[in-house]
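Next up is a structure, given as structure tokens.
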């Protein structure tokens, strides 16, 4: 069997159900693949891992993948299982925030580590400076959890529809107390959780073939997970080494993730790509990427895999 | 042997008391006992110690290691509290006398504080006792001269030889006018010549000031040379086995040590010492 | 004064050399100089030292602190290298003699290794010199008996009194048969009685084995009691000011110390010492 | 007569002495721990009051002041006094700012003792399993760090160049925030094919070598001039000097620095676990707890780590006791 | 073999040989030698690093070359200064001072009561074993995102080393020194000021020196768990995510310089205050 090492972007959770399912259900095996799934973590940069040879293929968000590309690490998107973005801003309603304009003068928790680009682009589009003051927003580097919101250290924090939002709810907060701004709705959605490889490897037909099989099996996993969300969540749970995840949370997450993967057959929609690039290029004074990337994606693999 | 010793002790003691009945009693110990509790059982450091020291006496304590010489001096200075018997210093308890600042204590090692210059080391007791700045300087000058250390006040202890350090520590004990000087092997670490020199100076000082001095030493000639009375002690339990009155005149040139009288006393001390010495070590 | 000293030195030295011309020369120092470079300038620890020591001599070195006694012993043992002059030991350089393992050195403090039992401390030189296990045990038994420490081989140093430790350290120096025994104030830390006892034993050992002994001490009686020759030294720069031949018989009971002959020698040593003693320290 | 009484007293003392010494050591610790726990409970009230009030408000209670926004800027102590009937709720929250001692104790028990009783000591939810994972990296890293530290110390003591050139950089190396670059180290090591336990162990080795080096340099230099001279009079070689003098006399320093090194190795292992993908181990557990805001779980993992450190240091202490005693250096 | 790498190895060997010669040569005790030898060693390590990254074409996103790091350092002085102020001056220094003062006060308290000492020290040792990485998220939750929480982490980190060393130092006087004070009937405060504090200084400085590196590391790591958008820890973690490894190493360079300078400063003050201690006297 061909060996493939996959580096995830975050800890083991239903966000990555498709891959665990493919593993568990033997879809990889069917494709004659021996896949190793490496969980990520708060300080794991998948791009760095693949550059260091620690993985053959990584999951990453497109903004940070494109930024890496500009830094001289030629990552190429070969498939895009996540059709829509799950990122949003969650705020306390009682602070009086109703529209994005009300964010002025507020304190907002943002994920950094390459995940800050969509937020910065959004703010720049709104014309709100991010260096504090009455007219701007005070940005905090949000940690790993939703405490800043619960402790009211921030008025808004970044959340994913499938994860942190529900942690807020689990902490006893009612949805009525909150107001959310989904990046999809704000028109600044960027592509998340794509499958990336190093450009040079794509010159090798064998590698492309291997990736085709990988993407095919992974997508099969995703579709299986969408249809059997509860079983998929349990599979994820079985693979969680930390023992910290809970069943309810993972099942709910699987349900939410399924909504994001729903529209994708695995092939990147060039329109989504264009929109992402446009958002990022509009990043104001300190844009994520300075010029239109070239060769940042390919259909070679998905064409092979899906036809 | 035990009974003989006891007899001797009592005799000499009474003799001592009577002989010097003229000058007032400064230190009076009666049936002093001191037992240390250690983890391998109690150690009797002092047992049934009776001793009277009069004003102006120069009393040496001699005896093998562990016989309680240091302990006795420490009891006098209220650094240790007896477990039995009674002791008075100037008619008070040692603790009261300590609070009256009746003692100058010279320890076996110089024990100067390395972060203070010699002058500031000597000032230390003066600062604590609340002397004025001017007084402090005056006292320091006086005692530095006394111990031949003029010009070294600004040096740090480690910049001085062992002998100079020892002299500085004596100066420190002399800086405030304590009536009673307690010296625990002050010259132990010095070579014979320096020692002789300091012995001479100490005698002179004693003669001049009329202080009462308690002096611990391991050297028989030193004890004989300096003292008006020599207390011989013996260990396990620590007790007094002999008290020898010196018949030497108050005026003592160094070569008095070659006189038959001196040698006779030294011989008696050596005998007393040997009797109390156990060869089990 | 300076010239007088120098004259004295040369005289006595030559006398010494001639007197013992019969036995072979063991240590021969000629115009020995040793200067230490320190951060406040050079220190002349030895200057123009001439000395001949014959086989079987018991030579004591006496003198005030810092006069170079230790330094001289260390030069003999090749622990220090002279900056001028020449020294031979058994006709070789000290370094060669060291490699031949010609010395037993006893330091001022016992210096036993605390992690080794007494027996294993004594074995230390034997291990290094490659004696067989059986030989080691035999030697240890022999020297333990020699210093009266039978049955203490299994104890650790700190389980022994100071005097016993000192004896163990002497045993260690005796364990391999070095011709030359160098002892640097070996009894400095002991009380007079224990010291007397060890002095007696050392004399006996020397008498029995005919070793050559270099011995540093601060005590005049000790030097006189033990030695066939007494070297008086003086500091700044460190030099020999007097070499005194002992007229005492080889057989010396302890009370020889009260004889006029003994006192006469002691007096001469004291005078020599005093002459060389500078009161500026 | 008096002697008999004294002897009896002494014997009675010997029996009682052991007990007395033990209780003398224990009583102050117990009192201090009790005081800390009491303070801890008291601190829980102001720390957790805001959340307690928010929850009570959601449940329909009337709170003073009524809105969370106003309470955000109010002083916690003031809130406690104004809403004293809600104090009880500060000791039983699910995500407290400061969990009460019994909550931490409960969690510790649930994830250790209780797991053992149910035969799942090595399940993923058991702290014993995570402690075990951390332990293996710690011990390996500690071993590497100790060997490297001792080797470096031997080099420094025996070579002037090493002493001059390496020592300043050894100090500087500790000012690099290794914790901050741990993730990069793991990636770099990955890229040259080193994965699994080793990267974690290397990070803990990096933290533990320094105290060992410093301690051992001190220890190997602790023989005084006389002890060294003694061997010179025997014409002992450098290696004989090392084995017979320097090494034995460095033992007390060796153990002391190993204790510090062990504690550092544990921190290193935990740090190394956080970015390795948070798979398993106390570090992963801390992170997971932090990620899901499970404060009680964090505290339990923290205490588990401290207990693990105490046990490891205790083991070294025990070995030290036995070794030094056999070497005759313990008194 | 690759010639760039070859040259750098040759440089390392040459420099080492020169070092050996200097360290064993005539002027081995001169201040200049003491300075040049470690510098040369450090420089040869840098050259080797440069040689490896260039010679083996190590990607900059894995390990940038020292020359690249230096360029980035110079180009971003403004950012680096801002981060330095945030993390070192505000976080580390203030935490260090608060922690030291608190530890010192508690040490006096503990020292005054034997009971407290025997009770608090074992507990203190246990607490000192808590890995700060675990405490950091809690303290960020308690003290907010700005430098206060970083200072709090630093306080926790430096507290125990200083406490333990100070308590030990206050007990470091020998019996004779204390008895001397008793013969003068000196009061507690007189004894403390004139004897025990001076005698404790070498120990206290030991604790203070250990704590310098701990303080900086603590402040940096705490920023990983939440921070405003400046600070050395923030920059390191953010720039890793952006693969700007040269910037990461520039921050590490700042940390190493600041840490060494901090250590050096405390060591210098120590040499002034404890000039009398044998370990300081030899030089």
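A, B, C, D and E are the chain letters, set down in written order, and residue numbers restart from 1 in every chain.
Keep in mind that, in the parts below, contacts are C-beta pairs under 8 Å (C-beta built on N, C-alpha and C of every residue); 3 or more make two chains touch, one makes a residue touch a chain.
Everything numeric in this text was worked out from a predicted model, so none of it was measured.
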What is the touch distance from subunit A to subunit B, in steps? 2
Of all chains, the one whose CA centroid lies most distant from that of subunit C is A
Rounded to the nearest whole Å, what is the centre-to-centre distance of subunit C and subunit E, using the mean of the C-alpha atoms as each centre? 51
Can you compute the centre-to-centre distance for subunit A and subunit D, using the mean CA position of each chain? Integer Å is fine. 36
As a quick test, compute the distance in whole Å between the mean CA positions of subunit A and subunit E. 38
Taking each residue of subunit D in turn, which ones touch at least two of the other chains? 97, 183-184, 187-188, 191, 274, 290
Interface hub residues of subunit A, defined as touching at least two other chains: 42-43, 45, 48, 51-52, 143-145, 147, 151
Subunit A partner contacts - residues on subunit D that touch it in the complex: 51, 54-55, 58, 67-69, 72, 94-95, 97, 123-126, 129-130, 182-184, 187-188, 190-191, 195, 274-280, 284-285, 287-294, 297
Flag every residue of subunit C that touches subunit B in the complex, lowest number first. 63-66, 161-164, 191-194, 197, 218-220, 258, 263, 267, 270, 273-274, 277, 279, 281
Which stretch or stretches of subunit E touch subunit D in the complex? 16, 19-20, 23-24, 28, 33-34, 37-38, 40-42, 45, 62-63, 115-120, 122-123, 126-135, 137-138, 141-142, 213, 216-217, 220-221, 224-225, 232-233, 236-237, 240, 245, 248, 252, 255-256, 258-260, 262-263
List of subunit D residues in touch with subunit C within their complex: 226-227, 229-236, 240, 244-245, 248-249, 251, 327-329, 331
What part of subunit A is in contact with subunit E in the complex they form? 42-43, 45, 47-48, 51-52, 64, 67-68, 71-73, 112-116, 130, 138-145, 147-148, 151, 153
